[in-house]
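Each of the two complexes below includes subunit A, the first together with subunit B, the second together with subunit C.
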Partner chain A sequence: MGDIYDMFFNMDSGYLEGLVRGFKNGILNKEDYRHLTQCDTLEDLKLHLQGTGYGHFLANEPSPLTVSVIDEKLREKLVVEFEYLRNHAYKDLATFLDFIKYSYMIDNIILLITGTLHQRQLSELLPKCHPLGIFDQMETVTIANTTADLYNAILVDSPLAPFFKECISEEDLNEMNIEIIRNTLYKAYLEAFYDWCQRTGGPTADVMCEILAFEADRRSIIITINSFGTELSKEDRAKLYPRRGKLFPDGLIELSKADEYESVKRVSELYAEYRPLFDGTGNNPGDKTLEDKFFEHEVTLNVNSFMQQFQYGVFYSYVKLKEQECRNIIWIAECIAQRHRAKIDSYIPIM
Partner chain B sequence: MYKIIYVVFYSIFLFVVASLGLYLLFTNQGFRFDVGNVLTNISPYAFATTGIGLAMAFSVVGAAWGIFTTGSSIMGAGVITPRIYSKNLVSIIFCEAVAIYGIIISIVMSNYLKYFDPNLLSDSMMAQNIFAGYALFGAGLTTGLSNLACGICVGIVGSGAAIADAANPNLFVKVTLLNNCINFPWLNATLGQHSKQVQATQVFYVIL
Partner chain C sequence: MGSLFRSEEMCLAQLYLQSEAAFACVSELGELGLAQFRDLNPNVNAFQRKFVNEVRRCDEMERKLRFLERELKKDKIPIRDTGDDPVAPPPREMIGLEAKFEKLENEMKEVNTNQEALKRNFLELTELKHILRKTQSFFEEAAMYHGNQPETNQPEEENLLVNDYAKTPYTKLGFVAGVILREKVPAFERVLWRACRGNVFLRHAEIETTFEDPHTGDTVNKCVFIIFFQGDQLKTRVKKICEGFRATLYPCPETPQERREIAIGVMTRIEDLQTVLNQTEDHRKIVLSQVALDIRVWFIKVRKIKAIYHTLNLFNVNIAEKCLIAECWCPVVEIDRIQLALRKGTELSGSSVPSIMQRMNTKEAPPTYNRTDKFTQGFQAIIDAFGIANYREVNPAPFTIITFPFLFAVMFGDIGHGLLMFLFALYLVLSEKKYLAKKPENEIFEMMFDGRYLILLMGIFSMYTGFLYNECFSRSINVFGSAWNVNAMNDSNTTLQGSGTLTLDPKTYGVFRGTPLPYPNGTGDPYPYGIDPIWQSAGNKISVQNSYKMKNAVIMGLLQMIFGLVLAFYNHRYNKDYLALFCEWIPQLIFLMCLIGYLCILIFYKWAVWNVLNSNSAPSLLIGLINMFMFTKPTWAKKTQLYSNQNEVQITIVIIAILCVPWMLLTKPIILYLRNKFQGTTRYAGVRVAVDETSDDVAILDHDHLDDPETASITPKDEEEKFDMSEVLIYQVIHTIEYCLSCISHTASYLRLWALSLAHSELSEVLWTMVMHSGLSAKGILGAFMSFVIFWGFAGLTVGILLVMEGLSAFLHALRLHWVEFQSKFYKGEGYLFTPFSFSLIVEGRVDE
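For the complex of A and B:
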């Protein structure tokens, strides 16, 4: 009976799966990237992008083009496609796509709170929010002073309410707190997402739990490395690690005791999947950084999820791959705009 | 919550059955529990026609299942690559064929039904007619269930073929060849099974 997913998946989500796979076939490949890296100006870039699946998306922009305009328009295409998928989705797929949205909502909330702390106006901040993460109560987030306020007054009715359990406190919001809130929210979100995928079972669980476990481990490692030299205590740091990756429970205990990059590297190398990510990284010019290696591994996992049919992971993977593509194009555009072409080939190839 | 309702109903049912059985046992009326009597008194026509009906019904369900599985994938993949529509109709025709086979088998089986008068038959002849009824039931059930499975499988493979075709046109022929390979063993199973059972009935039906 383990194969019933094949028989019933297409009832609710067959059309949308076919659609997403069609979208994925339009992701830029090596040829396209080669053309893009050979462009001299942003106008050239726009011309080359017209030949790909993006079409005339920059047609109505006034010249001269800037990189931020390109960024916005690239993201808009992903948002339109995602909203179409979400509007046509039903039951399980709708829940899944909502889970994808929650991570953007968390980013938006943190952006708004940080902006308010720095005395920025709401009207300045709203255009910077990610369009996929907009929800009704978002704008009122700026009036809260403590996390308890934030929860009781505003977020209790929003979709993020279940992720707030661990972060409510009576302290005032300040710089340090906000990062902790972001990481605690994200941890609760990741654990909820992982548990939901596990409960759905079948190929969705196979594919998504792999991807989310890597995401959890990646966050634990990055949090550890970024916390060296800050005032974050080891106990506080250990509370931020999502407990769903391959590093849980032993690796996380070791990570929470780590004091420097070498000990993090030692812990991660105990796990077969993460050892090659730490080899050959460094801060010398010509080496890849650890973040780059993480991105590459994430891209590999996401491309592999398209090898399985009848599961929801393809939707998540498509969003992540499209985001990576946006980052690649913006990287190339920045290199072109600033005429600093030395590292123009440091994008992450996808297909 | 629903689990509790199921448990309650199931336990009531078990209790009733068990108490009836024990009652018969303890009042020395065990002979009343007679499976053979029930089976021989149900008319062979009932078994035979049920088999014929199941042959067609399950086949059509299997075909429909396959068609929606493959059709939704074709529609989704065809939004970005409209060229796949015409070629992938072949996958849908494969599923349709399953339903046609079911109808043909049930028409052929229904031609074997002939009239007999139970009063004019000796006991051994009646036994053979009853067996014929069971044989047609078995043949119809087998045909129907194998068509059901075949329809589902052809649908799943057809959906994979549509998606592969959208990504790379060379893949379609290879995947459709796989579809053909599903059909042939199934066809052997269905028709072979059926014809064996039908030969059994042909020997035993008596016209009066």
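For the complex of A and C:
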């Protein structure tokens, strides 16, 4: 199957793959970051970004620049690129790109529901939604009071409906509930995405399953760590673990029994991939947090995905890398804007 | 030699500019466009340079101008283009410009916000108007149902609703009315239905007129809707959904009376608003039309200022002496003009201290600068596309002007096709002013336009070779009368009737006018120019032409390759590289002459010596060449001998050729090795020479190196390259092998001249016989009609296939023959292009800083 798949890949998606690889070359490198961290003002940052693949993306913004404007423009650029890819995608690739969008949709829904719960205005919440995750019915989620409501009235028509099966209940929406919904949705989404990649087979499966398995494990571990000291029961917690990672099934069973950070660490250290991530992490100044380590590992996986040709993984990886890059630039920009240069170097370099 | 033969002589110059005069001087240099500045602070970030604030201010000004330009485009106001080119204003005027742009931008923004608010207001009122109008019909319908309820056969739910409406008091059934984007209606309807469990009734109607979104200015389609529901809980829910879908709700009174009143009020307010809107629009137009007059000049000014500051950022700042130090490449012959520009700049700025320009010595290779005009630039582009010539290397472009169209024409020889091509190019050339002023958008057309002179020459040469081949749309033209005479054959009637083809034997007296000697009264000359038209109808046309064209191709190939070697000779002589001249160039020439040159001599010999009478016994040249290398002795008996003593001559030639190989291969590395061995003394001499230089120059160079430690550490390394015998030897082996093989393969490659020429003439003949001929052969009125119709098919195919596709293929092959076969003999192409700092390029937006 693999060879035949390779043969026809370029016919449908060759152009887009070439495009995305070209985009990837525009990702900032170490040298660029070094220059960025030397900037004194946001104007300097703008000037330097002009010399990179970002070009004149800030040229039409009146001074003085703010971090939020940069953030908005960075995001806009990614969205424009992604939408171009999506509009030219064909067949499987279109489905694949839609899968990428679903995760943003989940985030947006959760954002809106949480916002309404805290009595925020819709007009205030909308600009915070990620533009990749916008869909028609999104803005009406505020009318729902229970999850069943949410599903029956609104989400049943949206592409997220299949992921929602597991979290329908008549309970009122409260903060705890929303977290559970988010994680259940994410779990269903990851599993569906993983299975889809598996079915597609070929190099796409090789690359994507690796990345998604890591994503699933990361979620399991983070959920476990965050659940300590909350009212979430162990059984409920176990239900939130995406069952597609390398921890599945034994690791997840062990994780579900964990009571403290040390036991999570013990479980994870049984797996060669995750062992180094727990080494040398801590909350002391100078140490890297576990989260950063996870991000670094994700970046490595995503960069590696470009080593393989004829597969969709590059699209996913590009979006993720670009997202990381946006986070990095915003981090640096914030550090500059707040004159807090001590931590300016804790971005996650990509290349 | 002409200026195109070698690139301009360049020199590196150092400029000392007083800081107050620097701006004016660079501005003058930018107008001149003859100096290429080097970046003297490559290690400094873009935002740490000296004039970064000025650049930023220019950016800001440009942004404002772009904003104004966008507004102009939005209103479709043409920008006045007077074609004048203002000089960069002095820096003190920048503040004035900034203030002016600031004012305009603010004014524009204010007008825009006002207008947007007004438009939003207007939009709301219009929407309300539509709601009132449309809902009127909804209410009327409801009233009608109320009256004729039994007869209605509406869907169940509507009936239910109408029933409700009939039974319950009127006030209890609430409703909201509003406007929503048309594309959102289906989703809206579905969500409403689901969220309210079917307990609402929605009616919607499309608004025929489109609206303008006040913020983005896009046109949008909208729908009026009205939702009926019961109870307050549903009302909040419906309102939330409306909010979610960004539908705008409007108050809509229940009684027709009130609705009418509101409608009248709305209408008057719309009218008022319209007048206000018109006034704002007029005001906007006035502001913008003023902007349109000057915006182009402003753009040019700002771009020039920005370019100047960018250039100043490349300079070294000497704080102690309050001056800027710049380094630039410039053509030696233009130094005077540059100095004049500097003087002018200094005077303009009112600085008392003059700017100084000083030539520097450098080991670095200068950029290549070929001065071209509109005629030669197309040809230079062909060469540059392969690789920019090394500094002062022989530039093949001037020769390409003739050889390229000629080789093209050899493959494309046809009078008709050439004429069409010529006329097309002539049109482009004659209307070039029009197209130069307004650059064509189409990329393909632009490409052809840039190569218009090339196409023109290709057309002319194609007509010339077409005359030689005697082909015009694959037909022959009998200008001078054929030299062949059928009557002289004295064929009997039976032969004439019996066979489809006749043999014309030139041995027979009188059949061929040009038969050589044995006929003393040879009756005149052969066809004086080109190929005799009778060959067009001959059965053996192809085999005769093949032999002729093939030999021609080899001869032309040899001539071009030898010419390439001659140019290589000029290169060696210019570089004083006598080692390469004697150890590479001479054996190369001998090798080529022994192999291919000898073959060409044989071709001419055979043409001259063999004639009609003894052509039966003519030896094959190809077999002869093979036998020559096999050392097979040619004999008269086997019909392989051309001349006496041939064997001895050939053996000598082969031995000489073989001896050339070690000559090419070994002598140069050995001499280099020996030189290196005794290098100690030469190096000593080198140091002495350096000391002898004038103390001024040395000081400058040192100064330069102090500022730039990186280059300083590299430079000495460049000067004494480490000698590595194995590397030299491998390099030499590769080049020797390449050259020897290429002598054969390149000659074979020139056979494409024959192959493409054959393909072209065959294709055009097929097109004639299959298409045009069949149209002409029909008889009567039908024939006239047919030939008219078929002519267009023929014309289309001729242009599409023969002119465009065949022309493109011949072009590519001619390109290859030049790049590979010709230029590999002498052209290095490892230089870099001279890119002067010039406003004319920057203003057009062709250079991105």
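Note that in this section the second predicted complex is superposed on the first by the 349 of 351 C-alpha atoms of A that agree within 3 Å, B and C clash if a C-alpha of one lies under 4 Å from a C-alpha of the other, contacts with A are read in each partner's own complex, and residues count from 1 in each chain.
Going forward, contacts are C-beta pairs under 8 Å (C-beta built on N, C-alpha and C of every residue); 3 or more make two chains touch, one makes a residue touch a chain.
Small disclaimer: the values here were computed from a predicted structure and weren't measured.
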Subunit B versus subunit C as contact partner of A:60, first or second or both or neither: second
Touched partner set for A:38, first subunit B, second subunit C, both or neither: second
Contacts of A:119 with subunit B and subunit C, given as first, second, both or neither: neither
Partner chain in contact with A:48 - subunit B first, subunit C second, else both or neither: second
Which superposed partner A:139 touches (first subunit B, second subunit C, both, neither): second
Touching partner for A:87 - first (subunit B), second (subunit C), both, neither: neither
Partner contacting more residues of subunit A (subunit B vs subunit C): C
First (subunit B), second (subunit C), both or neither touched by A:22: first
Subunit A to subunit B touching residues, read off their complex: 6-7, 10-11, 14-23, 25-26, 309
Of all residues in subunit B, those that touch subunit A in their complex: 65, 68-69, 71-81, 152, 155-156, 159-160, 162-163, 166-167
Interface residues, subunit A side, partner subunit C - complex: 35, 38-40, 43-44, 47-48, 50-51, 59-63, 122, 136-137, 139-143, 149, 152-154, 156-157
Residues of subunit C touching subunit A in the complex: 45-48, 52, 55-56, 59-60, 62-63, 66-67, 184, 187, 190-191, 194-195, 237, 240-241, 243-246
